[in-house]
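Both of the next two complexes hold subunit A, though its partner changes from subunit B to subunit C.
Now for the complex of A and B:
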């Protein structure tokens, strides 16, 4: 009986292994080989040369910093706004079901579609934001020509699209908190602020963690949004690691180095996850938050 | 008050796209007035017409959804009957795969497409898509299978139903809501997927929606057709908006379940 169960599981497991493990092993092999226009696109063993190149590649480290900054800021913003949105949607307001669906609409849109839309909204000088600025007698702003503003536009667009997802998760968490807890706290004279900090947030921690993990993993792999909205510009100031790996493969036709970048990013991701796990274990606030 | 802010935040950008797509180009870039459907006409009569991309995407989405379910249903059933320990370990692997940023895979998939002649083959795209969606599908379906009491299946076993019959007539009807949620989420993922479609499809008439939009975005550097851009975002976004409005209950329950059970 048991082997038949395994037979049912095997096809799906085989596809997962082929899709997630095989590429990593292949990257490991390819990162030890040069395969580019110089070698006639044939793989040629070069030892650790590409890994040394990666360590000394300013663009790689700059992109790593930019990717991390993007992920931390947009996920942080999404958690805060998502919490606010979830608290609002949890209240018994009129038309709650319809509002929930409408707030989820941005999440369902394809990222490239949304990115193209934001490019038009941030347009200089015809986009709506600049129209408003000009109507107020101000100079139009070249949002996508300035590194800091482009970065802000990317964070904004990502937040707009994924906050509903975070809010939905936190809303599910809010619905598991029994109402009696709040009644009891109010009886003791707790303010709404105290209820939020002492009851709601501690009980939401598992849900916040799930949202944080899922979103952080996705945001660190950001690609679609940046490629369509800013193309990594101006002057590479918003390029992400995924975009850099993509450019090496598709534009510079340097497959060996692209594999090295991809695997290097993966190593950084795993390190980050490890640090996160250690910090979580060690958290000095443990008593407060459990 | 909060309600108004929320609606404005969500709908504002979309309404602006709809508005822009209906205004003549002169009205968008200076003085001018009136309304027009020209941008839509231009998109729908382009070569290839925009509708083509929507059909391609629907095709890839449907075949990927079927393949995902065909692999995930037996796997989820097997896991739910396997007993605690091995099932827990496999579920952990599956959950890790769910958090894996898919964009890391595109270089390897590029080589697979090249070496196995799978590039520009819409149906072949179902293979990586099904793989990427499997973790979520297995988690959702396994949770649904586990809620079915074992006695029910034992009764069917005594009646002489084989595994296929038990699935078809007893178990699948019981997990129909979870099946619907899973299918919808997989379809939405495939509809929106970009990096893999970008590497596997290069022939213009075979593009799915996401790479087609990116190509439209990158195509006209000198004369920027804002109206056409806006019309493309409206046509590209409308099917998903419709899907969400029609199946809000299933999609919302699938999303929440998926993240929490994972």
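Now for the complex of A and C:
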């Protein structure tokens, strides 16, 4: 009967193999070969040379730091704001359906479109924000002309776009929490604050985790938003790993090194995931939340 | 080809298809953005069998595409005299490594736009540009002096190339980077000073051609660096600046010829094409004097053929042509090398760092020099 089992999961396995394992193996092979305009696009075996180059590539590590910083900050903000938004949308208020639809709009916009929009909003001096500042007699601010501000602009634009996604996930989670838990707690004299910390949040943990995983994976691969809004500038301060890999493949036609960068990012991601998993197991609140 | 070219050539393509029955030409309308067109082309070429026969290519792509083995040399089809009718400057950037890879359709070069209503003559040197700007700014005539492309992208490299040449410097000399030269340091310091002196807004650090044009168009700036397309935009009916704008070449040091970064578009034959002789016939038609005349008349495209530039009837319609021809003659190319994109990436990144004050001009240029040297060494490519 065993073979039947395998037969049943075969389509899923084949899909996984074709879409995930095969490209991964191909990249692994490619990272051991130089394939660029210099070699006339013919793959030439170079051993670990490109991996050594990656280890010594200051730009890779700088981009890794920048990508991580971007992901942690934007996802952190999104979780906090998304939770607040979900709690709000869960309240039985008038016009709730309409409000839910409206809050989802930013998420429904294609990233490039919204990035172009934000680029215009942050424009110095003709964008709306600077028009307001100037009308108030203040100096216009070059939001996209300074590394720190550009970074903030990117985090903000990403938060604006994906908070609704987080809110949607958490809202689904909120709706699974039975009302009687709150009724019971209130009978015991629990405050709203206690209800939030002792009931809502612990029961929402699986949903928070899903949101965190989805968003972290996306944010660590951030590409289109940065490409449109800042092009990785100023001075390379907002370049992400995905942008660097793209530059190497599509602009420089250096496919070998691009594959190495992508795999390097993958390794870092797996390490990060491992650390996260260990921390989660050791979490101080483990007992309390069970 | 990019969408704008596809739209502009559509009537010509239709006429070509009606004029004979052997060749049916169809044009793929690509994206607008240069990089996006390149992505599309490269994706299809990587598959091995590209569906295209001809590709309309930016000047900086040629060595890269040729080195990748995607292009077919044209001299065997067009003969050695293929470039004879080109205006001086337009012949540059079509040959690489001893072969002709591309025949230009449209010329493009960096121009200095200036306000004829605010000054009698355009500036010749960087110092004059600064002086005129400050005078006009003090008098309250303009908010800013000079707007240009300072975003970390190819446009900034174009700005630097013509300034560097005009300062007596070079990007590469015989394959070796010359970016810690006095000329390069002066250029980067000057660009930073423009921001410090308030002649250029700090937002230049994220400015593209479109952003610069927007500032200039509203009358907020006395000078702008841009390509010829801006001319038609500034002089269209209803424009605030119609008839108040002049074009000239970029400022440069006394005694050094002025320079204009060349950025032409031309057709290449793909080596994977199954219809090479038909494609060559199309290529001839699309780069012909007749085509270029029509594209200039209807869309203001800058021609590459001398006979079109000197056509009295066309000059009467478009009096700016001789000025464009002069600028084209001052053309300077970005380095012709398969690793140009990497070099340009390093350059625009470092200059952007200097402009935003992340690093001082001198150490910035030292860093750029050593990074460029390392790149050339490690890739083993000739610069």
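Everything below uses one rule, namely that the second predicted complex is superposed on the first by the 274 of 290 C-alpha atoms of A that agree within 3 Å, B and C clash if a C-alpha of one lies under 4 Å from a C-alpha of the other, contacts with A are read in each partner's own complex, and residues count from 1 in each chain.
We take it that a contact is a pair of C-beta atoms (placed from the backbone, for glycine too) under 8 Å apart; a residue touches a chain by one contact, two chains touch by 3 or more.
Because the structure is predicted, anything quoted here is derived from the model rather than measured.
Asker: With everything superposed onto subunit A, say whether subunit B and subunit C fit together or clash.
Answerer: clash
Asker: Going by the contact rule stated at the top, is it subunit B or subunit C that touches a larger number of residues on subunit A?
Answerer: Touching more residues of subunit A than the other partner does is B.
Asker: In the overlay, answer first, second, both or neither for which of subunit B and subunit C A:6 touches.
Answerer: Only subunit B is touched by A:6; subunit C is not.
Asker: Quick one: is A:218 in contact with subunit B, with subunit C, with both, or with neither? Answer first, second, both or neither.
Answerer: first
Asker: Applying the document's definition of touch, where does A:26 land relative to subunit B and subunit C: first, second, both, or neither?
Answerer: After superposition on chain A, A:26 lies in contact with subunit B alone.
Asker: Which partner does A:138 contact after superposing on A: first (subunit B), second (subunit C), both, neither?
Answerer: neither
Asker: Figure out whether A:184 sits in contact with subunit B (first) or subunit C (second), or with both, or with neither.
Answerer: A:184 sits against neither subunit B nor subunit C.
Asker: Going by the contact rule set out at the top, does A:126 touch subunit B (first), subunit C (second), both, or neither?
Answerer: Both partners.
Asker: Find the residues of subunit A that appear in the contact set with subunit B and again in the contact set with subunit C.
Answerer: Common to the two interfaces on subunit A: residues 123, 126, 231, 250.
Asker: Quick check on the complex: what are the subunit B residues that touch subunit A?
Answerer: 2-3, 6-7, 9-11, 13-14, 16-17, 20, 28-29, 71-72, 74-75, 77-79, 81-82, 90, 93-94, 97-111, 127-128, 130-132, 134-135, 138, 163, 188, 191-192, 194-195, 199, 209-211, 213-214, 216-218, 226, 229-230, 232-233, 236-237, 240-241, 243-245, 248, 251-252, 255-256, 259-260, 262
Asker: Quick one: which bits of subunit C touch subunit A in the complex? Just the residue numbers, please.
Answerer: That would be residues 35, 38-39, 42, 64, 67-69, 151-153, 201-206, 211, 214-215, 218, 338-339, 341-342, 345, 349-350, 352-353, 355-356, 358-359, 378-381 of subunit C.
Asker: Which subunit A residues qualify as touching subunit B in the complex?
Answerer: 2, 4-9, 11-13, 15-16, 18-20, 22-23, 26-27, 85, 88, 93, 95, 97, 99-106, 108-121, 123, 126, 128, 160, 164-165, 168-169, 171-172, 207, 210-211, 213-214, 217-218, 220-224, 227-228, 231, 242, 245-246, 249-250, 255, 258-259, 262, 265-266, 269
Asker: Considering the complex alone, what residue numbers of subunit A touch subunit C?
Answerer: For subunit A paired with subunit C, touching residues are 36-38, 40-41, 53, 123-126, 140, 142, 144-147, 150, 230-237, 247, 250-254.
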